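Right, I'll just put the structure down here and ask away after.
Order as written gives the chain letters A, B, C, D and E; numbering starts at 1 within each chain.
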Amino acid sequence: MNRAFNDRESQKILDIIKNFARKNSLFILAYGTGCGAIEIPPTITSRYDAERFGIRGAATPRQADVLLITGYLSVKTLKRVIRAYEQMQDPKYVMGFGSCTINGGMYWDSYNTIKQLDKYIPVDVYINGCMPRPEAVIAGFVKLQQLIQQGKALGWKHYKENLEWYRQNQQKVIKNWRMPDYNW
Amino acid sequence: MNIWNLLLSAIVTTLLGFIIGVTYMGIRRKIVALAQNRYGPPIYQNFLDILKFWSKESNIYHGVMHHLAPLWMIAMAITILLIVPTQYGSKFFENLSFNGDLILILYLMPFGQLGMALGVGQTGNPNSAIGVTRGLSLLVGSEIPFIMALIAVMIQYHTTSVTDLVRIQQEHHTWIMFSSPFAFLAALCVLPAMFHAGPYEVIIAPAELASGPMSEFGGKYLGTMMSAGSIFMFAKLTLFVDVFMGGSTNWLWLIVKTFTVYLFVIAVGIIMPRLRTEQAIRRLWGWPLVFAILAFIQVALF
Amino acid sequence: MVATNHILVTPIYFIALPLFFAFLLPLLGKIYKSFIRIVPGLMFAYLAWMAVVLLLYVYKTGNPVIVKIAGWAPPIGIDLVFDQFTGFIATVIAILGFLVWMYSYLFKKVEFDNALKYFLLLMLIYAGSIGVVITGDLFNQFVFLEITGISAYALTAFYRGRDGAEAAFKYLLIGSFASTFVLLGILLIYTQLGTLNMADIARNIDKMDPTIKVIAFILLFTGFGIEAEMFPLNGWAPDAYSQSPGPIGAVFASMTSKAGLYALIRLSFTIFDFSSANELLFIMGILTLVFAEGIALRQEKIKRMLAYSSIGQIGLIMIAFSFNTYLGVFAGIFLMLNHALVKSLLFFSASFLAYNSPHKYIKDIQGFARYMPVTALMFGIGVFAIIGFPPFSGFWSKFYLLSAMAEKNFVILIILVLSVSLIELVYYFRVLHKLYFAEPTGEYQPHTPRWNAMLAMVLLALIIIAIGVYPDLVTGFIGKAAHAIMDKTTYINSVFSI
Amino acid sequence: MNTLVVLLLILFGGGIIAYFAYNIHKIVGDIWLVLVGFAASIYYIGYLDVSQVLNIHLAGFVLTLALNSFSWIFGLLIAVLLPLVALYSIPYMKGQDRLGWFYMLFLFSVGGMYGILMAGDWLTLFIFWEIMTWSSYLIVIYRRSEDAPRVGLKYLIFSAIGAYSLLTAIVLIGANVHSLSISKFFEVLPMHSLGFKVLVGSLMLIGFGVKAAVMPLHVWAPDAYSTTPMNYTSMFSGALSKMGIYGIGLIVINLYYHSGISLAGEIVAWFGAITAVLATYYALIQKDAKRLMAWSSVAQLGYIVAGLGIGTKLSVFAGIYLAVLHGLFKANLFMAIGAVERQAGTTNFSELRALIRKMPWTFFSALISVIVLAGIPPLSGFVGKWMLYESMITSGHYVIVVFLFLASVAGFLYAFRFLFGVFLGQEEKEFEHVKEANPFMTVPMLLIALFLIVLGTFPGIMFKYIARSMADLGFYGVTYKMSVLTNDWGQSINMQYIAASLVIVFVLFLIVLTWVAYKNSRNVTTKDIHTSGEPPSEEDNYHFSENFYRPFQRAFAFVYKYAITPVYNEFARGIEDFFQYVRRLYTGNAQTYALYVLLFLAILFLIAKNIH
Amino acid sequence: MSNLQILQITFYGAAILLIAIGLYAVVTKRNLIKIVLGLSIMDSGVNLLFITVGYISHKTAPIFSPSVMAKYKTIHAAAQAMVDPVPQALVLTAIVIGFGVTAVALALVVRLYRHHNTTNIDEIRNLKW
């Protein structure tokens, strides 16, 4: 029975099904830190209804697939974000909202915010705008779904493979590093 | 009734139960969405959710009991489904319904919930523990009127087994819903509580308790849990239909009946606000208890 | 079998020997200092042995041993009647007298004259109580009662302390009341019947003028009631018990109260034929039981508590005798035996537990179980026996008593007696818990008993357990004794048959 | 030498020798204890049956020793428990002082139990009843904790109330029936007047009710069960309370139902039902595992009394089955608590943290017994509960059934509360050192757990003995099958099918889940939980154990308002105050005593006329 | 009423009066010594009653003195002329007992006085309840 599975052809079909399921049922963990948190309710509820795409809120990182970073991240919140990210289960994606996650945005010269989210956790989709409107958010989601469909949203694998690099960046910024190790 | 036949019918019934249950949940989300003036996900959305959970790569568990938690639920759900007579009269779909006894079913229900509660306990998450205590307290609230209703029916029709009840209703072409209305009313009022719908979903309150007992379950565990939940829901609906609405002789008729009952539950779920635990218990012991007592009086007099 | 009037074994020795040695003791003391301890011991041992032999003889042959003093025939002369009933009580007193002596053998080792006084009075009180029991003459019984009384007054005031004198004076006051009433009673009987011999009085009691007969009965009943510590008349009892030296509490419990009880029973069973005597005994018994046990519940001093409990037990015995049925009397005698044994054990162990504390408060003996384990165990066995747990003799006596009550269908009375014994259980176990669990206050030092006291206590405990496990040891004697006291005619015939 | 007395000799003699054996050395004592334990149980199971009868003539009474079939099954329960508890006690009592004294009393109380079961007449029954009472009292106060006197005294007072009402009944029987033998009493009873039957019946019910902890007389049970050492409590609540059940069974069936007063049986059933409900409601708010299990014992006994009270064939069958079962799983639970107490040092829920990883076998046996306690299907507890409820529904006792369901549903709450409080929840560094209990402890527990599982699908093993024991209660020809339970209306369920379907589905999905999830699954500790990103530090601990069922308590506040204990305290204080007042009668002044004497004389003279 | 009856009444009356006085003293007087006195009065009252009971008019004392023997030759005849001797014997012992009790009572009163330095019986009440 194993021979049939790891043969190229059947593996491909399986991946297609998996990606189709992952694409159409995204459970988001809204880590509403910055000003973007207010954009998420309208996108989910009746005005823009993200649920049509199978996108639903998830209460805990264990149940979630997508981690939304909706704004600037101070060093302190970065530590919580990393912990939440590491608690999520594996095919997990990160969407960065707004310019603050891209290049520090309006807090480009502030002493305690992180400028580039990418250095700390792998981001799959950025949505620019100093807080993107719900339409932009839904466009972001659709982009993420296409990436998943093509199997290219592999931020989580990237994080797993060069964990050291990420750890150095993170410890450079976070001083009292009292975090449990990410035991694979 | 050889073993293979039994196994085959069991598998078919479970699959049917699973599919119907999950589609009911999908329809429920659709109706809730439409009530909230939005399109809502496609009906098969729950299938996708379950499939996504099953396709999760990593799998996090806190220990043996946590690993076994969903198994108690799925074992209970399937067993109850097999015991409750889905198709009256059909040899193939008889499953274990000859064993069907109301007290047995009432005692099977907590089997899953307590097993799952132990797994939840091992995760160590305080929110989930609080959720479980609320779930058990509500169980006390909802079980008593339901049991009184069932006992009233049992005594009126002088039998404790579900199949007998269905046989009586089929033969006399009456529905117990009409012949003992108070028992039906009591059971109906208590039904939303048994599905943790509407005012009684304080157990899995997402904001307050981070989805209560489910908070540490992810990936495959949550998948199994949701499928078990749907089968369990369908089993409870068929039980209700069998006892009060004459059971069914073919699947289509069963689906129609169960869905109408489920509509009532969805309606209550949408309209009613969420209640605190003691308010819920007091409400459950309010009107439903009155109806149950009336049912007893009705049985005692006639 | 030893002949009845053989030189070695005659009931007269019960009285003669103690009086003889009592007056000889001071002289013996001059010759060799520790004679005053050994001689009474030998005497008590001899008398105990003699009592047992006599009882076995009487039990075997069935006919009582009658002794005519100075040869005068009964109606005129004084005679000693040693039948099954009086013999049984005399044997109990004799054995306990020996045990009391053994317990107090090294008593007051230091001062010579105190020991002399103690042993002298002990012999006097011993002679007095046995005299009351075996004498057949009413006035003679009065004289022995007075001997017991006076030696009891002296023993109560034995310690130089302030309270001893007060207790003795109260006892004397009420005791002399008792003697006056008994004397008046005897006077009235003598005026009517011209005789003093109990059997003779019993024979022609109906010749008496009814009103005088009732007055005589009331006077004698009150007099003997005071001696038997009946409820309203026992004001003196708790003080006397608690102030007298350690072993004397046991003496009171086993000797003087037995003498008083015997006189009361003889009065209502043989001398007078009043049926209402039993009702009186019944009511007074219940009152004594309830009030004594209830008050014992509230006591803080250990010996005063034991005193009230002893009075309560006597109330129970009165109730048993008041049924006037074979089973009731049987239970009464068994209760008498059990009361004597268990109360002595409790007094023995309690007095050593509270040896050094002046006022003998229960909180003084807190936690002494860890210093005096054996004494505390003895006290425990005493408590278990008096409550009536099975392997101890208390269980059988209580069972017979209750079956006697059930025979007469007194259900409320059974419930009353059992709830009173529930109260008894509460206050005894409160003391036991203080003894074993509380921390010692350290105010007074424990005083572990010497070998002789330990031996006496262990012997008593063994007897209690032996009777408890195999009651047939004593039920034979008690059965015969019950028959003896029940029928008046055999008593009269046996006295006049010789 | 008649075989019955040999068993008593083994136990009582064994006890005395155990006292000296332990003074020599603990190991000698332990070996002797296990020897006595096994000897007694093998001897009982092997040699004793209903045929031997022995008459002893003592103090004018005839004491007969004869096992009847109804008492034989309780003897079997004790014979099963005794060796297991003996084995369990060896490691449990390590480091305790005065072991000789403890084991002497232990064997005395077991001897007392056997004596009661063997008693052919009321007097022997009462003698062994009292021996059992005072030996168990001495064990209750054995630990000498600071509240031992209060608890011991309360236990002794209530057992004395029970014993004395029993004694009153026995004495009345002795007087009216002129013979104390039990079998003769039940034969000759119908001829007696109704008043006598009710009086004797109710007195005996009080007597036996105290030991079976029926509601108004249950006040001693929670304290006594939790202060005694756990190895004795498993016998105390497992077997000793069954003596009360044995008595109640005799009285309710033979006395009430066979002489036509079925109403009294109903009342007894109601007492049992009320005990079951209230005890369960008190059990779930307890803060200590021992007290929780003590209250749960009271509740389970309530079920059994209700079962016996109903009096139909199926309900008595269910009652006896539950009684024997309760003996097993309750002993197992108390042993588990004992193991936890010994390893972790405490049984208080607020101090205990997750012990499941450290004591897995203890957890497994506790889990099985709790499932049986709650009566959940695949295991044997459900068989008893099912028969009990079916018997009540089919015999028309509707309202009692609802009451008992009230209790059994609330039973799930304290079942979860116990397992969560002791074994689950957050882990704590303080309990790192805890290791699994000594094999001597876990082996007996696992044996009982295994037996309970097997009994679940094949209850017929136990039914054989129960059917035989029903003969003595007048239910002849009781039919039973290996694993099919039938009620009076003809419906029946087959336990094998239920167990099969549950187990197959469970195992099937277990294989699927483990195989699928095996590749990269991650076992995390209880610290790695969703705390909204905040990594929990060592000192703050998110264990939830305070106010566990606070909403439930608020919802059922009316139940918790009333308690019986203050009523008893008030009554006791009343008696003390009354005698405090009466005590003043002895004023201490000699002249007042003289006045009392003269008053007494005057009264006698007043009533002189009617002294005749 | 013949003088014999008057004689009897006076003697009986006197004895009963004595007993009453003694009783009154014991019960009401507070002073210890007065109580002891009361006791002995009561005792002597009872003894007097005993003697009067034994008296038969016109008979001599029950002693076989030579003069009596001379007058009534035989023992039997002398005995007929004598008063009933039994009460007198009893009184002898009763007097001795009364004396003993009074001696002990006075000893106790002395010791009580030494401890409480008061003879009022109301102050001596520490053994109560």
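Convention: a residue touches a chain if its C-beta (ideal position, glycine included) is under 8 Å from a C-beta of that chain, and two chains touch if they have at least 3 such contacts.
Everything quoted here is computed from the prediction, not taken from an experiment.
Listed by label, the chains that touch chain A and also chain E are D.
In the absence of chain B, the touching network of the other chains holds together as one piece.
Shared contact partners of chain D and chain E, listed by label: C.
With chains reduced to the mean position of their C-alpha atoms, the one farthest from chain C is A.
More C-beta pairs touch across one of B-D and A-B than the other; that pair is B-D. Distance from the centre of chain B peaks at E, each centre being the average of the chain's Cα atoms. With centres set at the average Cα position, the gap from chain A to chain D is 58 Å.
For this pair, chain C with chain D, the centres built from the Cα atoms lie 45 Å apart.
Put simply, the C-alpha centre of chain A and that of chain C have 99 angstrom between them. Chain C and chain E have CA centres that are 30 Å apart. Residue positions 57-60, 210, 215-216, 219 of chain B each touch two or more of the other chains.
Those residues of chain E in touch with two or more other chains are numbered 26, 35, 126-127, 129. Shared interface positions of chain C, defined as residues touching 2 or more other chains, are 169-170, 173, 177, 238-239, 295, 298.
All chain pairs in contact, by the document's touch criterion: A-B, A-D, B-D, C-D, C-E, D-E. Of all residues in chain B, only 29, 33, 36-42, 45, 48-49, 51-52, 55-60, 206-207, 210-211, 214-219, 222 touch chain A in the complex they form.
Contact residues on chain C toward chain D in their complex (touch as defined above): 169-170, 173-174, 177, 181, 211, 214-215, 217-219, 221-222, 225-226, 232-233, 235-236, 238-239, 274-277, 280, 291, 294-295, 297-298, 384, 387, 389-391, 395-396, 399, 402-403, 405-407, 409, 411, 414-415, 418-419, 421-423, 425-426, 429-430, 433-434, 436-437, 470-472, 475. Chain E makes touch with chain D in their complex at residues 23, 26-28, 35, 121-122, 125-129. Those residues of chain D lying in contact with chain C across their complex are 58-60, 123, 126-128, 130-131, 133-134, 141, 144, 146, 148-149, 152-153, 156-157, 160-161, 164-165, 167-168, 171-172, 174-176, 199, 575-576, 578-580, 582-583, 585-586, 588, 590-594, 596-597, 599-601, 604-605, 608, 610-612.
Of all the residues in chain A, the ones that touch chain D in their complex are 31, 59-62, 79-81, 83-84, 87, 90, 178-180, 183-184.
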